[in-house]
Structures are given as C-alpha cells and as structure tokens.
C-alpha cells in the first residue's frame, strides 16, 4: 500500500506540476484570475451593495448561494456527528461521583441510590482532577471578552475582516473553552443540547428563510433588494442589511455546530463526561 | 539549471502546494492508522486552500476592503473610484472560506466515524481491524 | 410561481430538512410527513420544470438577481431537467417505502435520519441543477456528508467502510476542486458556460488538460468507476436499507451526470472527443469495468453485495456510452441514468423488504422466498429482467442505444462487454431466483402432494405499494422510451455530436 | 397490400395476460379453471374473427408504441402469423381440458401458478405470431422464455432445477448472446426492423457479414432446437406433460421455428439468400439435425425423451423447407408447423395419459398396454402416422410439399434425407405401437386395475387425433394460408 500510495502521489504531483508551466507567475496582476471577474467585484461592490469589505459582499451576496450551502454543510456535519455517535443512555451503570463544593469532599453514590437534593454537591467526572485555580479564573475572565469580540466580528464584517463564520467560530470557541477549563457538564448547563441542536438549524433557516422571503416579494431567491420595502431603505442598502441578517444566521449556525460537534466528539456521544 | 531555478522561484507557490498535496495524498493512501489518514486528508485540503489563495495574490495590492469614510453616507465622488489593481482578487478568499468550512465539516464527521470504529474494534490500525474482521 | 421552480425544488427540501431537525426535538411523528411533503413539492417542481424546459428550452435562473458569471446561476436544460425529475421522484418513492424500515433499523434516530435524507436529496438536486463549477463542489460535499452519516448507521462494519468511503470521497471531491482551481487560474471564471466560452483558445494548454484529467478522475472516484470502485461495495452493503436504496440509485448516477456535464458543457465535445482523442482508452477502461464488475458480482454470495458489484458494472456502461463520442452512445448513457436509477431503486427496495422480514440477505437466507414473500419477489423479477435487458422493461432500451452506439463507432469490445454483462446478469439473477424458488427441497420428491406451505410473511403494504410503483415504472419508462428520447434527450445533446 | 388498423391483435395477445389476476384471486379450482377456459376460448375467437380478413388478402396492423423509427412495438397479422396463431390458440383450448384432467389426476401442487404462467406463455406466443418487426418478436420471444421457466421447473426438485438451468442457459443465453446483437447489427445496417416481403437487409452488407448474421439468427433463436443448440429440449421434458405437449411440441419450439422462418423471409428475404447462395448452409445444418435427431430418438427409452428428439428432427423440417428457397418447399415448411403440431401434441397427450393411468414413463414398460388403453394407443398410432408423413394423416401433405420443393430446387440429397428420415420415424414409432397391441403384457408390469386415463385426458387426445386425420381431406385453411404467404413472399402462384 505504501508503494502504491507513493506512486499515486508522485504521479498526481507530476501531472499537476507539469501544468504549472502554463500558469501565470506568483502575484502576477495580469493573470486571468485577476483580470476576468475580480475587477468587477472590486470596482462595483460599493455601488451594488454598499459594503466596503468585498469579500463579505461576494461571500454573502454575489455568491450568497454558495455560502448558504456552506452553512448547510456545517449543519450537516453537526447532524452527521450526532446521528453517528450520539448514544442516548439514561444513566451510565455504575457508581456516580459527587463533590461537596465547600469542603472538596468526594462522595461515591452507589448505583440506583440518590443524594438528597442540595446545591452543595456537584456531579463530577470519573477522571476528575481538581481544577487549577489559574486556568479557571483566567478563562472565566476571558470568556465574556471573547464572546464580545465574536459579536463584534460578526457585526463588523461589512467594514473589516470578519463575518458570520469567523464570529461564529469565536463564539463557539468561547463555550468550548469553558468546557475545557472546567468540565463538559458545566458547559452543557450553560448551553443545553436541545437548545444547541435547535439553534443550529435556526441559523441556517435565518439564511435560507431570508432568501425565501425574497421569493415571496416576487424577486429571485436571495435577491436581498426585495427586502427594501420591508426594511424601509433603498434596494442597495437593503442588500447591505440583507448581508448582515444572513451573517447573523451563519454566526448562530456555526457557533452552535462547533459546540455540538465538540461536545459529541469529546464525550464519545454520551454527552456527559468530556475530556 | 538557472532557468529551472528561476521557474521554481517565480512559481514557488505551486511547488509548495503540490508538495503539501503529495504528502497529504500519500498519507491518505499509504498510512495504516485511520487517524493519520485523517491528518493526511487535512493536509491535502489545506494544500488546495493554499493553492487557491495564492491565485488571488497580486503584487502591490492590498486586502480587498475598500477605503471608506466611517459613518457618513456622503461619500465624495473621488472616493468611489476604485482601481482594481490596488486590491487583491477577493474571489479565491470567498471560495476558500467555503472550502475551509467543508474541510472542518469533513474532519468532524471523519473523527466521529473513527471514534465509532475504535469503539467497535478497539484499535485504529487498519491491518489489525482487517485481521479482526477476517477472524470472524 | 412556475418562474420560481428552479429555486423551489431546492429551497423547499433544504428548509424542510432544517425544520425536521427542529421538530425532531419536539414531536417526532411530524418528521415523516414534513419530509414527504417537501420531496413531493420538490418532485412537482422538477416535473413542472421539465415540462417548461421541453416547451421553452433552456431556463436560466439567476440567484440573488446577479447576472452570471458574477453571481451563481442555474442553467436548466433538457439534460439536467430530466435528471432532476429522476432524482426527486426516486427519492420521494424510496422515502415513502422506507418509513417502516427506518423505524425498525434506527429507533430513536429517525428524525435526524429524515433530515439527512432530505439534505442528501437537496444536495443531489443542487449538483444537478447548478451552472456554477464551484457551487457544484459545495453541493457535492453536502451530498457526501449526509451520505456518510446515513451509510454509517448500518451494521457493525458500516463505520469502517464508511470511513474508507469518506477518504476516497474526499480525495475525489478535492481532485474536482483542484480541477476547478486549474480552470479558474487560466480562465478567471467559475461559471460553466463562461468557462466554455473562454476555453477554446486555450485548448492546447497543458493546464486545461490537467484540469480535465484531474476533474475526471475526481468524478470517477466518486462514481466508483473501476479501478476506483473499491469503496463502493462495502459502503453500500453494510448500510441501512433506506440509505442504501437512496444512495445506490442516485449518487453514482448523479456523478455520471456531472461527468457528462463536464464533457458537454464545460469542456465541450469538440475538446473532449476531437482534440484530446482519449475516447478509445476510456472506452476500453469501461469494458474492463463491465467485465470486472460482472465477474466480481459472480463471486458474491450475498444479495446486496452482488447488487453493489452490478452497480460497478453499470457505471461502466454509462461511462463507456458517454465516451463513445457519438449521439447514440450519449443517448444510451443519458437514458441509462434514468433507467439504472429506477432499476437499482427497485432492486434495493426489494432488498430492504427482505431485510425487513428476514434480517439478512446472504443467499442462504433466501431459501423459499417466493413462497414467503411472493409480491416482493415479483418486483425483484421485474428488476432482474430490466437489469438483464429483457424488453419491454426499460433496461433493454438503454442497452439498445449503447450497443448501437458501440457498433456505430466500431467499438466492438464495448458491445461484447455489454452482452457479456447481460449474460452474467442472467446467471446472477436466476441464481437468486432459483434459490428463492426451489428451497426447501426437504421431503418432496416427485408428485402427488403439496409442499408444507410455509406461512406467507410479506412485507407491509406501505413498503409494497411504492415497490410496485417502481416496478411498474420500469415497464412504463420502457414503453415511453421514444418520448423520452425524442422530446428530451435529443435536445440534451449538442448538435455537434453526430 | 391492403392494411387495416384494428386493436384485435393486441386484444388477442392481452386476453390471456389479463386473466392472470383473476386466476390468482380465484377462490376454488373450478372458478380458476373456468377463467382459463374463458380466456382460451376468447383468444381463439378473436384470432378466428380475423381469419376472413386475412384470407381476403388484407393485413391487420396495430402500433402500440414506437421507440425508434422502424423499431416499434407493433403488431401485423399476416397469413403466416395467422397460421401459427390459429394452431396455438386452438390447441390451447384442448390443452386446457387436458391440463385439468392431468393436474387433478396427479394432484399436482401449485396449480394456480401453473395456469397463470401457461396463460402468459400463450400471450407471448400469440405476440410472436403477430409481431410486425424484429423488436416486437424479440420482446415476446423473451417473455415466452421466462414465462415457461416456472412451468419447466414445476416440480421444484433437483432434476427440475438442473433442467431449468439448462433451459435458461440455452434459450436466454443464445437470444442475448446471438440474436440480440444480430438484431442490433441489422438495425444499424438497414435502419429498420420492419419485416418486409423481401427482407430489409438486401444490399446493405457483404456476403460474409450476411452469412454471419444468418448464423447468429438461426442459432440465436435456440427454441428452434437446431443442433448443436438442441439439448435444452430433452431436458425440458421434466415438466408436467401438458406443458411438454403444448409448449414443447407447439408453442415454444414453434415460436423458435417461426422466428427463424420470419427472419429468413422477412429480414433476409429469399432473393438475398438465393443470390448469396446461403440456402445450402441452412440445408446442411437442418439435414444434420434431422438425421441425428431421428437416430438419437431411436435409442431412447423414455417416451417423452424420444418424442423430444423426434420434435428436434421435425422442427428442422420446417427450417429446411425455407432453406430450399423454392415455393413448394416454403409451403411445405409452413404447413408442417400446423401438421406437426397436431400430430405431436397427440403423442404427448398419449404419453401423459399413460403416465396418469399407470405411472410409466419408459417405452420398455409399455408392452401390451394397448389392450388396457386402446383409445389412447389408437390415437398414438394416428399421431405417429402423421409425424411419419403417411396417409391417412395431415402430416402427409407437408412432407409431400417438402419433397416436391426439394425436387423443384434440384436438391436430390434432400429428397434422400427426407425419405431416410421418414423411414427412421417409422422405425422408432411403429415398434411401440406393435408391442402395445400385439405383445402380451407381463403381469408384473400392470395391476389389473389399469384402464383408460380420466375423461378429461382422453377426450383431448381423441380430438387432436381426429383433426390430424381430417387434415388429409381438408387441409384448409392452413394450406391456403401457407400458399398465400408463399405467393406474397416469392411473388408466384402455386
């Protein structure tokens, strides 16, 4: 297998390399790629959509259809991980561990037995290690700022590098950071699986629904200028706003899927104990 | 020799991406460990992303965000005139955002499958798994 | 509303897939009706679109209202309108027929399964309808990811075989993406029609050649063209019934559509057949594919796995037909996309019925099946006849065009391969029918008394009715072949192919 | 040629197909068999109602669907097709009676399946008879092959299984491997598949290619059982006797021969065969089959196996008649379809009746049986005479025309073959009859209770035997249909 792999890799490499002879050199401003379509985008974006960040405009408007599916891909991946790995078990057989928060005493509860209802105990993982104070504190401090930054990245995608994907990933990472710095249960308490799993398609629905709304106004799918009467703005600004709406949808979808996939993968599908 | 070197230097982006791609492809076919194959897959995808992004590069151009005044709607006419040569090609960036997302999605699903395989066979080495299947 | 058909046929399933995954957390029973309704609307739009295309010719739908090549556009011509109808109808029928089997095989996970099912259909429809090379890649990945998830839900070995499929599928998609990148670097465009307009002066370029080869190999990997087929049999065999009976008929066929689209629209027949002149080796490869598919199928003792190898052979049919480079061969290939989708659907639906009752489909499990499940086996016989190519089932007519094309272009090896595979199919299917027909011999010799009749254990009506719709469809499509060819396929092939 | 469009041919084909759901859903055997009867009689009447039109020289056409120019699913009733349809539809009625007697007499299992597939097989047979082009013919040919499979394998035991395999291997293997490509090549050469009076291949290809196509067609339709593709027929004798009787003496094998004749006359055309001198190839192949088939029949002990080899030989008579390429020869060949059918079905009925009454299958066990079953053995004698071609039976006419035809074509060797074969026929039939009537039965062979088979079994064989005799004096309408066909094809009056 190794030799076959080597041969195939080399063959492919040679084929691809041989073709580079006809390619423009690196950074050539006159290459077809830079002269055919891209000048249009660069020169007309402002006129068409009034979004200065061309990448955002192309991503969410000119090629907004691609991006909608991109979001759907993310959602599909989340759903795929869910269906492949998720195991619904009411309770793992065996003993459970609880920790008395104030004293740090660990209590082992036999299978079937119950602890009196009290806020003093928290459930802990079987492989539990005492939390490091520094990590816990720093993360706790950082997470709100990370989330704030994520929101900024989504909202400011029109004017600076950023957008729904980037912002969504940052938001998702903040929750994952929480899960890593404390444990999965804490993170799941903040973001229940059901909420997560429902928000995930909701994000995509915001995107696709915005597009579908345009159909209802008699325009083509994803033609945001159809939303002008709804938003009380001119068609071009409507495009800009449309982009913002879908970016928010993307942000929600990406954030939730990232959390979902992480939770499922790290807990092996049981959604109880993480890394 | 000098010519070849010049070609390589002028188009080094392609050489780099192809090398990366070959590494990734080899790992996907030749490696025995399922997770190593997944790593190979990621390298492969990254190589393609590099390739695309390098297409968009233009010498002497800046990032594709137009210079604009903040907050005010009254753009002066001069500010609207944009020269395409000043900004890099935005399209490959857009495409690669998509490709990155696809890569992440595939990676997630692949890892989920790998976990499932590991649950079943208690190993991720392909030959050991095949041996187990044959034993049955 | 008919103006919006091209959008509707995709948006409705997409939105419903999302809706299903939400309702799955609220009320599981709603998922199935939503899925059926969505696919029904989609199928309705597809059929409406086909009728419009037949009336008006090519329909261009500009997404986001942007003119191509700036934005993404759909070009719906006769070729993809036909494939759209096939995809949506096959998916709808299979969904209805699979309800019980899904509930049996995936208790507790029906909702995400329906969502993935509809997403998969969305992806397939999107691949077929789009006119943008990169958009095709994205949708291909939706198809692939939802496919992996569904396939992995099968038996013990499913995750492993799916993982292997995932590696190969990813390589295939990445190759395609690389090919598109190569085209983009020399043309600067991603729109298929636009690329085709820019390409002619570049036909001699090595980059275009490399792009073509790498795209083609990528697509071949995804369609399991021999020698790149190794992932297919295991992935499909171990999959749950509902998934395999959706994926087996459609995914390979849609990939063949993509190949034909590349040949006809992006690279144009002029480049593919006249400048490249690699038709002959590829047809030879197809010949080998057919032979190997048939022989490997012969070695199998498991009904479902046998069928998967037949798919490998059938892929050879279509690749060969498309590469014959003449009108008849191309017609045969396109017609076979339709027919093979239906045939494979019928066969795999039979397998899911069998699996529903017997929990196994190794040959030894099938003994006496004619007595136990006479109606299911009746449909199996129809599917078998179609795969063998017995008139008036549709399989005969596409084979007719393929062989005629082979004769016209003088590729007699391809003709022999087709006939050989038909004969092998006779052996394959009658071996199964024989097992189902005779067993058990037990105490019976000579005449005089009745068998100890085993109780009939037929699959539920909700599985049988869709099955019979498909079986009837095999015959109807066969009878209406001329209409399909004259009104649709004839216009799908450019005039330059003679 | 005047033609009228009518749906009758389609009806004739469909009537027995449409009855199958009724058969399946029938509650009692009596209702089921009543439906079979209704279908059989309806079919016969529909066919009969077309006879006057055909005798007037008009043809009936009906197109179901056209899928390529010149290749449609289309029916055309002409005199030759009429001849064949008349034979098979009339014999179906008789066989139905016989089947009821036979199947009930032996308490066979799965009788519903049996009657269903019988009906489907008859649909396909009529479809072949009425097809207007090669595609339609191929379609019904294949349906027939598949519909007869469950009949051949009716007993579902090891023997049936291996015979069924052989049956399919030969029949389907050759039709897909040889006939189908031949058809496709012809279509690519000529652009049509419509049977013409002088074929459609003339002037489209060179002699070697035409010869190759001829070879592919003759052997491709392996139901004609021309050697070396004959051995499915003896194997298929494991089937219940009514199946052997109607299908393997009439419907299936005659469909094979009919197809070959249709192809020879309607695809190649006699002129083309004459100009390329391809007739002699057919003659050689057929003569070989006739002689070898008869010789093998001599050595058989199983009665049905012997009849099978006899059928193989007799089938080649028909093709041989066409291969002579002379008007009289053609007439004789076509007429032999009808004459042989009635004669051979009588013999099979007798074999079945003996089996029902005594359980004996082998000739050696039938010594003296004529005394116990005089009616059956009497009919057997008449059938044997008809096959041998001796008066007072209809078989005389076809052999007579064949002899005249070979003289007309100056083929003295064929005359010798025909006479020799008739002699051989007599050699394998007459000893049976002689021993049955004139030898004393061994006591160990029969218990005293043995007497004639049930009425349902005996009546049909008497009827067919009588018809065989009637044909000597009144060979119309078959003779007229055959001569009409020949004059249309060859443009001469006989």
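The first chain written gets the first letter, and so on, giving A, B, C and D; residue counts start at 1 in each chain.
Here is the rule we use: a residue touches a chain if its C-beta (ideal position, glycine included) is under 8 Å from a C-beta of that chain, and two chains touch if they have at least 3 such contacts.
These figures come from a predicted structure and were not determined experimentally.
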Relative to chain A, chain with the most remote C-alpha centre: D
Chain centre separation (chain A, chain C; CA means) in Å: 32
Chain centre separation in whole Å, for chain D relative to chain A (CA means): 75
Averaged-CA centre spacing for the pair chain D and chain B, given as whole angstrom: 71
Separation of mean Cα positions, chain B and chain A [Å, integer]: 18
Chain D: positions in contact with at least two other chains: none
Overlap residues in chain C, where contacts from two or more other chains coincide: 134, 138, 141, 145, 148-149, 152, 159, 178, 184-185, 190
Chain B, residues touching no fewer than two other chains: 21, 25, 28, 55, 91-92, 95, 98, 102, 105-106, 109, 113, 116
Pairwise chain contacts under the document criterion: A-B, A-C, B-C, C-D
Residues of chain C touching chain A in the complex: 4, 7-8, 11, 14-15, 17-19, 21-22, 25, 61-66, 69-72, 108-109, 112-113, 115-116, 119, 122, 126, 132, 134-135, 138-139, 141-142, 145-146, 148-150, 152-153, 159, 178, 182, 184-190, 198, 205-207, 209-211, 213-214
Chain B-touching residues of chain C, taken from the complex the two chains share: 134, 137-138, 141, 144-145, 148-149, 152, 156-157, 159-160, 162-163, 166-167, 170-171, 174, 177-178, 181, 184-185, 190
In the complex, chain A residues that touch chain C: 12, 15-16, 18-24, 31-38, 40-41, 61-66, 69-70, 72-73, 75-77, 79-80, 82-84, 86, 88, 194, 197-198, 200-202, 204-205, 208-209, 211-212, 215, 219-225
Chain A-facing residues of chain B, complex: 7, 10-15, 18-19, 21-23, 25-32, 54-61, 63-68, 70, 80, 82-87, 89-95, 97-98, 101-102, 104-106, 108-109, 111-113, 115-116, 119
Footprint of chain C on chain B - complex, ascending: 21, 25, 28, 34, 37, 41, 44-45, 48, 51-52, 55, 91-92, 95, 98-99, 102, 105-106, 109-110, 113-114, 116-117, 120-121, 129, 133
